[in-house]
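The structure is given below, and queries will be raised subsequently.
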C-alpha cells in the first residue's frame, strides 16, 4: 500500500471539517470569578456576591463586583451571566466566603456548595472562610494601596497559616470534615474593622451549623491537635 | 518452523502488555468500587483477587506450554479439529472486542466529562481512533513497543501521588477487618474484573522470545497490577473519610485535586490528559487481538482489512450512540462475567479436557 | 480509483529512453589503425572543443601515437611531464613503461575508453595496436579543506569533507588505519555515473544490514545523483516520514566514530555530505563534541537537547491549549498578567501563534539565502524591530513573542539539521491539534507521533531504539553520556558482530 502516507493527512483533513472548537474559550473573553460570597437575606434566599477581574485596559476599577439574589448558586449563576462582561467561569475560584449569618441560620447550607463538585474543571482547593458581618461591606472594601480582594484574602490566609494562628480549609477538606464523624470542621473567620483581619476560627457541627469561635491561642492548640503546627518565626 | 517468528516480542514488552491491559481504567475506578462494597478493607480484597489471578495465569501458561509454536487456536485445531479452533477464535475475537469497546467508551466518557465538555463524544472517539490505527496496523511488535513506551512514559504518576501524602490519615484504615471477612470475600468476584487481560497470553505465547521465562514474566505483570491497585486504594482510603468514599466518583482523580504546585494549579487536568497513554493500552492490544483472531479465522489474511472495518464500525456507531455511564456499568458487568468465564474458568477446563483426551488416547493406543 | 493508479509506482524502463547516436558507436571494436580510431573518436565526441588530441611520434620507426584528453579535467603538469615528455624522449619501439604515471590500465572497448576520457584520464592510441592505454592524470579544481558550515564543533577537528570521494576516504582512513576498513564501490546514475562508496569495518558491521544497503544502492535507476541528500531519499525506508532515518554528516570525525561503532558510511562523489546508517532516533541528538567535553557536562547538554526537542514541538501548542481551553492550569497571578496582555489583542491565540511562527520561518529562510554580513543585520532587525513593533501595535501579545522566541532557540539546540526540519513541521500539526482540542489534542498528537516513530525502521533496524524496543544497555550513550570507560560494548542497535570495543579503562584509585 503505497498510499500509506496519505492516511494521516486525509484523516486530519476529515477531522478538520468536522470539528468546530466546541470547548474553546479564549481567556480574555472569560470572566473568572475569583471570590464568591454567600449571604442570607430575609426571605431565606441566598445573596451571591462575586468579584471578577477586569482585563480591559480602559477599565478604571480592576475588578467588577456583582450582587445577586437567588434561591441557589446554580440559579444565581444564570443571573450573573446576564450581567458579566465575558463568559462566566467558576474555574479559577480562589476563595469562598460565607457570612456568619448564613452559617448560623441556614439549614444544611453545605448542600449549596455541592454544585462546585459537579464540574470536573472546578478547583477544589478554593479556600473557605467565614465572614463576621455583612458581606456587602467586604465586597465594597477596595483600598487603593492593596491588591484586589481575592489576592488580599489569599495572602492573608497564607500569612496566618504559616504562623499557625489560623486554620486553612479548602473545599475538599471542608467536605471531608463535615462528612467525617470523628473530626470537627473548622473554618477561618475574618472580620473587617479598618482592615481585614483573620483572628478567629469558626467551628461547625456536622450539619454545618456554626457552634463556636476559637481565639488565636486556642487555634494554635487546635492545630497542634491536627498535627499541622508550623512556626516560621 | 516458526510461522510467527517475525513478530517477536521481548519479555519486557509482554509484561507491559499484560499489565497495561489490566490496570488501565481499573486504576481510577477501583478505590470507589472497594469503598462502596467493602469499606476500608478493600485492599485485602485486592490482594486476594490478585493471588487468584496469579493462579489462573499460571494455569494459562501451563495450557500454552503444550503448543509453544502456535496460539491456542492452532492447538485446538490440532487436537480437536478446525471448527473447534475457529469457534474459539470467534469467541475470543468477540471478547476482546467487548474489552476494547469498554475501554474506549470509558475513556471517551471520562475525557468528555472532565476536560472537553462541549465537544461531541464521537469527535473524541474519532481522535482516539487515529493513533489506534497508526499503531495497530503495524503488527504485534509495534503494539508491544508501544506498550513498553507508554508504561515508561507514565512513571511520573506514582511521583505525583506522593504530593498527596500530607493529606493522608492512616487512622482511616484501622481497625482492619472491622466488618469481618464476609464483605471482603463477597467482593472478590467483582474485583476480578479489574485483573482481566492476562488471557491474551493465549495469543502472545508463541511470539515471546524467551518462552522459558514466560511464567515468571506473567507473575511479574500480575504483581505490578496488584501493586498499582494496592497503592491507589490505600491512598484513597487514607485520604477520604469512610462516608465520603462511598459518594465520590473516580476517587483517584479526586485525590489529585488536592495538589497545588507553584507552577501548575490543577494537576489532574494534565493527569487525565497524559493518562490517555495508559488508557490506550486498554483498547489498543485488545483491538490487535481481535483482528488477529479474525484474520486467523480467515486463514492468515492481512490483518489490516478487518482492522479498518472494525474501526470504521466503531467510529460510525459512535456518531449515533455512545453508552452513558450507567450503560457502561452494565457493559462492564457483562465483561466481568464473561471475563471470569473466559479467563479464569476456560483455561482450567481446557487443561482438564486435554489431559483427559491425552489419557483416552494413550489408553486407546495401549489397547 | 484514478488517484491511486496515478500514485502507484509503475514499472518503468529507463533504458528505452537512452538510445543516442554516441551510444550506438560505443559498441564498435577498437581497430589497429590509428586513423580509423581517430575518426571514431571524432564521431563520438562532436561539439567537444575542450577535447585535445596530441599526435606523438613514437621512437625512430615513424609510428604515431595519439594522446586524447579533455582540458580542464586533467592535470596539465602531469600530462606534459609524465606522459608527453618521456614519450618524446624515448627511443626504440614503444614501451609503456617509459611513462611515469602512477595509474595505467589497458582498455580495448570504446565504452570504457570514452568513459575514462570524460572522467579526466588521458587515453593513448598507438598505431598498430588495438590496445589503448588510459592513464590517471585527473586534476580538476578542488576546494581546500574547511570547517563544515552546518556542523561546527568547539573541540573537534576543524575539517570537513570536500567534493572528492578519494580525498574523503583518505580523511576517514586517517582516523581508522586498519585493514578491516573495507570499501565497496558502486556506480550510480546512467548519465552521471557517480561513484558511490560504502565503507564499513568488516568484522564489526552486521552482514545482513550491509547486504540490505548494497541491494538498495544497486537498485537505483536515475539519470544523475547530484547530492547525497538525493541518494538518501532514494534508499530510505520511509521517505514520507518527516523524520530522517539516515544521518547526513559533513565531518570526518563523526563518520569515523560511527564506523567504529559498527555503522556503515556511504560517500558520494562530488558531494561533501556522507550518509551514516543504520541510525536510531537518539543518534540525531548526539554530537561529536559530547565525547570531548567532560562527561557530566555532556550529560547535562544531552538532557537539555531532549528537553529542547519537546519544547520545540509542544510549546506553542501548549500555549494555545492553556490560553483557550485549560486555563485552570495556570496559577492565578500568571493568569491575570496574561489576561491583561491578551486583552488588547484582536486575534485568537491560534491565529497569533500561526502568524508569528510563519514570520519566524520566513526570517529563518531569509537568513539562509542572504550573505553573512547582511544576514546578521536582517536577523537583528527582524527579531528586535519586528517583534517590538508588532507588540506595540497591539497585534500580538508579549507572551506570544516570548513563546515563539523560546521555541526557536530550542530548535537551534538540536544538532542535526534534518531533525530540526522535521520538528518544524510537526510543530504546526501540534498547534492545529491544540487549537481544536486543547491539551487532549496535544496528547493525541504525541500518541500518533509515538506510534509513527516506533514503527519507523532504518535499514531494517528499529528506529525507536533504545526506547521503543527498550534496550537499557544503550542508554549509556543516549540520554546521558556515561564516562568513556563504561562504554565497553558497541550499541545494541547496530547489531555488531563483534561488540567489545574497550578493555578495562577505569581510572585507578578510589574513584571519588
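Note that the chains take the letters A, B and C in the order they are written out, and that residue 1 is the start of every chain.
One rule holds for everything that comes next: contacts are C-beta pairs under 8 Å (C-beta built on N, C-alpha and C of every residue); 3 or more make two chains touch, one makes a residue touch a chain.
Since the model is a prediction, treat every value here as computed from it, not as a measurement.
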{"item": "Components of the interchain contact network lacking chain C", "value": "one piece"}
{"item": "Chain whose Cα centroid lies nearest the overall Cα centroid", "value": "B"}
{"item": "Separation of mean Cα positions, chain B and chain A [Å, integer]", "value": "39"}
{"item": "Whole-Å gap separating chain A and chain C, where each centre is the average of the chain's CA atoms", "value": "60"}
{"item": "Gap in Å, rounded to a whole number, between the CA centres of chain C and chain B", "value": "46"}
{"item": "In chain B, residues with contacts to at least two other chains", "value": "115-116, 119, 127, 130, 134, 265-266, 269"}
{"item": "Where chain C touches two or more other chains at once, by residue number", "value": "325-326, 328, 332, 437-438, 448"}
{"item": "Junction residues of chain A, two or more chains touched", "value": "8, 15, 19, 23, 92, 121, 123"}
{"item": "Complex contacts: residues of chain B adjacent to chain C", "value": "10, 12-13, 111, 115-116, 119, 124, 127-128, 130-131, 134-135, 138, 142, 145-146, 148-150, 152, 262-266, 269-270, 273-274, 276-277, 280"}
{"item": "Chain C-touching residues of chain A, taken from the complex the two chains share", "value": "2-6, 8, 12, 15-16, 19, 21, 23-28, 30, 32, 34, 53, 55-57, 91-92, 94, 121, 123, 150-151, 154"}
{"item": "Chain A contact footprint on chain C (complex, rising order)", "value": "4, 7-9, 240, 323-328, 332-333, 335-336, 338-340, 342-345, 348-349, 429, 432, 435-438, 448"}
{"item": "Parts of chain C lying in touch with chain B, wherever the complex brings them together", "value": "325-326, 328-332, 437-444, 447-448, 450-452, 454-455, 462, 464, 467-470"}
{"item": "Touch list for chain A against partner chain B, complex", "value": "7-8, 11, 15, 18-19, 22-23, 92, 119-121, 123-125, 170, 172-173, 175-177, 179-183"}
